[in-house]
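Okay, so subunit A shows up in both of these, paired with subunit B first and subunit C after.
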Partner chain A sequence: MSEILAVRNLRKSFGPHVVLDGIDFSVDEGKVLTIIGASGCGKSTLLRTINGLEAFDGGEIVFDGERLGPGTDWRRVRSHIGMVFQSYDLFNHLKVIDNITLAPIKVQNKRKEEAEEIAMNLLRRIRLDDKRNAYPRELSGGQKQRVAIARALAMQPRIMLFDEITASLDPEMSQEVLEALLELAATKMTMIVVTHEMGFAKAIGDDLLFMDDGKVVERGAPRDFFAAPRTQRARRFLSRFEYQI
Partner chain B sequence: MELDYPNMIASIPLFARAAWTTLWIAASGILLAGAVGLAGAFCLYLELPYLARPIKAYIEISRNTPLLVQLFLLHFGLKVDALPCAVMALAFLGGGYMAEAFRAGLEAVERSQVESALSLGLSHYETVRHVVLPQALISAVPAIGANVIFLLKETSVVSVVAVTDIVAVAKDLISLYYETAEALVMLVIAYLILLTPVCLAVWRLERKVKYAVFGR
Partner chain C sequence: MPFSGAEILFDPANLARLGEGLIVTVRIAAISIVFAFLFGMVIGVIALSRSGFVQIPYQLFLQAIRIVPQIVWLFLFFFGFARLLGWNWSGETTGIVVFSIWGAAEMADLVRASISSLPAHQTQSALALGLARSQIYLHVLIPQAVRRLIPASINLATRIIKTTPLLVLITIVEVLKVGQQLIEAKILTNPAAAFWIYGLIFVIYFLICFPIAVLSRRLEAKWSAQ
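Presenting the complex of A and B:
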């Protein structure tokens, strides 16, 4: 498997506050990388620098052999990097189907029929094809988030970034979204998943990063990490979740 | 009350002709106001340097001076002809109100909508065109509708600069026949005929776009 994304010594500060303090990792094609860590440890900022929503101060990001930075044609790069946010952000004025076909039509210049065919296939996969003409406000949180995933997938990205996509859903709705993610992982989609769901992090990832204070504190196979965290910080972090088990 | 009905009926053609003038002034003034307002709101939304301050000043000046005074200044002060003066003054007043309506609409679109559009690969222009603007306009529909009705009613003062609108017709009839009640009743009816369809249209539009997309 070849490396599709490499992040080397990535640095980023908001004023005096260091958010990313020399991050290193890489992701191979077809693999799932999970990132966990306390709120404010820099996980979301890390994802946002990868698709250019946030500029970085130092280090480098190499995506598919191309160094990303100030001169990057983000329009092209972003069409290869799918991203899903915590707040779904479906376009409220567009029906489900039009939410999904907007970018393929405008960015990839696909014909409407072709884009709709792709969209319907995706909707069938997440079992929401009966909602094609619904407006976002008519959907539940879990349904919205699944449509947001389909919308990102419609661009046929090389990699998908998920930023705490179940954080504002109740457990039942989280479940349906996480199942959609597991199905996606089974299709060998390359993914980076930032999550607070520890059970899920254990189940889905090939590889796991534990971040704290802008640094990667531990990296390894999820099974090993949860069974025997090597650092004090990781142990302290995991102990907060124990009451859930 | 006994009214001179035959004379009232006889005045209908006069009112009808003048109603076109009122409508014409209102339509062109409101369209211009909409254009001015949208442009102003966009400059504020994009935080264009150097322009924000003058635009904010314009919004305050236009909204905090009476239309009557604006008309006087344009016509008697700057010697603008009566009809263009009426349209310009209405556009000047309305532009400030429209800018505020559009600005509120633009601000109602969450920042995260922009980010999710950009992350799909849409350009900044496409994001504004296909994601921000449609939602902003839908949010702004009630405020814009209220402005349209307000501006249409504001045209009632343009007769002070010798524009023959329906108010001018009523005034002429009063000085001609001394039938004050008759002329004013006709004037009220004329405004109701002009405004009721506009009100209904605004109300229907609001229901159709706003509730369909954002719910109650």
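Presenting the complex of A and C:
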């Protein structure tokens, strides 16, 4: 199994505040890595350093054999790394189809017809092909997030980063988005999934990181982690979810 | 005889002169508005930079334009710079330059405010897709900002149109000046001339500005539906 992303001793501070305190992990091609941890522990910052939306202070990130850092051509790297955020971030002035084809046309210089064909295939996969001419405001939250996934996939990325993409959705809609992620994982897409849905974290990942206070505290198979967390911090974190029924 | 004197409006010679004045008004206003919008867009995007090299000149420019009345700018360019620097600008050129600069400053601030009020994650997700900064402005931010800008920029356009009578003071014979000349020529034989001529000019201004207002409301309705 070939390693597509490796993060070694990654460090990042905002002023005096250390947010990433020596993070280590790697992701193999076709695998899903799930990241969980309390609010503010640095999960979003970690994802954002991987595609250069946030600069890091120390350590290294190696993506597809290339060391990323200050001299990196981030535009090229980002076109290989898909990312979906928590907030609904479709381009509100563009129809669904144009949201999806914008980057393939402008970044990859694809012809419009070719980009639209790719987009329609993706829309059919998420069963939203009938919404091709809808504007984002005409979609439900769950539909918006599925279109945002399709928009990132249209660039044919090597890896997808998901940052709590169901956190603003009510449970029903969150379900349809999580199902879309499970279907994507089944196609052997390499993914890093930050989530606060423990049931989902248990179901989707090949590997799981539990972060606390800028550090990776536990790493292992999700089933083992949830059955028998090894650290006090993980046990305390998980116990918070037990009262949430 | 409440409608006596109205015949002044039916004299083709008078109407032709008013028409010529109107053409001058519309020409200066239209060219200024086009320049104001184009330069305003560019300056507004540049003004998003937080660097002092941008912010200090930008604020000086904006405040100078806002604090000093337009009439002073017109005089400064027409009488001041023209004599001092030997520019040989016609009144019309001066008018277009001053109104364009004024409009560009106001437009720039509208554009800057409108773009910076867009949610930050629009830029973030566009960056994450690999788009370049310039592409993000062109295809993501400016199109969304423009839709929000419509009401305020239409307001600015009508303000420019309504300020054209100041141009009389730098020797331009625009529609209001023609009206005055007609009234002065006719006032002895037709005491109601002022009422009819100014009344007609009132209607002319209304006919120019009203369609613009209607258009703006249409665009707003259309785009807010998205």
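As a convention for this text, the second predicted complex is superposed on the first by the 243 of 245 C-alpha atoms of A that agree within 3 Å, B and C clash if a C-alpha of one lies under 4 Å from a C-alpha of the other, contacts with A are read in each partner's own complex, and residues count from 1 in each chain.
Operating definition for what follows: contacts are C-beta pairs under 8 Å (C-beta built on N, C-alpha and C of every residue); 3 or more make two chains touch, one makes a residue touch a chain.
Fair warning: this is a prediction, and the values are worked out from it, not measured in the lab.
Participant: Answer with clash or fit: subunit B and subunit C placed together on subunit A by superposition.
Facilitator: After superposition on subunit A, subunit B vs subunit C: clash.
Participant: Where does A:I23 make contact in the superposed view: on subunit B (first), on subunit C (second), on both, or on neither?
Facilitator: neither
Participant: A:V216 contacts which: subunit B (first), subunit C (second), both, neither?
Facilitator: neither
Participant: When the two structures are overlaid on chain A, which partner does A:S79 contact: first (subunit B), second (subunit C), both, or neither?
Facilitator: both
Participant: After superposition on the shared chain, which partner residues are touched by A:A180: those of subunit B (first), subunit C (second), both, or neither?
Facilitator: In the superposition, A:A180 contacts neither subunit B nor subunit C.
Participant: In the overlay, answer first, second, both or neither for which of subunit B and subunit C A:I126 touches.
Facilitator: neither
Participant: Looking at the overlay, does A:I97 come into contact with subunit B only (first), subunit C only (second), both, or neither?
Facilitator: neither
Participant: Can you list the residues of subunit A that touch subunit B in one structure and subunit C in the other?
Facilitator: 51, 53, 75-76, 78-79, 81-83, 85, 87, 89, 91-93, 102-103, 106-107, 135, 137, 148, 151-152, 155
Participant: Contact residues on subunit A for subunit B in the complex?
Facilitator: So the residues of subunit A touching subunit B come out as 51, 53, 74-76, 78-79, 81-83, 85, 87, 89, 91-93, 102-103, 106-108, 135, 137, 148, 151-152, 155.
Participant: Of all residues in subunit C, which touch subunit A in the complex?
Facilitator: 119, 121-122, 124-132, 135, 139-140, 143-144, 147, 223, 226
Participant: Contact residues on subunit A for subunit C in the complex?
Facilitator: Touch list, subunit A to subunit C: 51, 53, 75-76, 78-79, 81-83, 85, 87, 89, 91-93, 102-103, 106-107, 135, 137, 148, 151-152, 155.
Participant: Would you tell me which residues of subunit B are touching subunit A in their complex?
Facilitator: It comes out as residues 110, 112-113, 115-123, 126, 130-131, 134-135, 138, 212-215.
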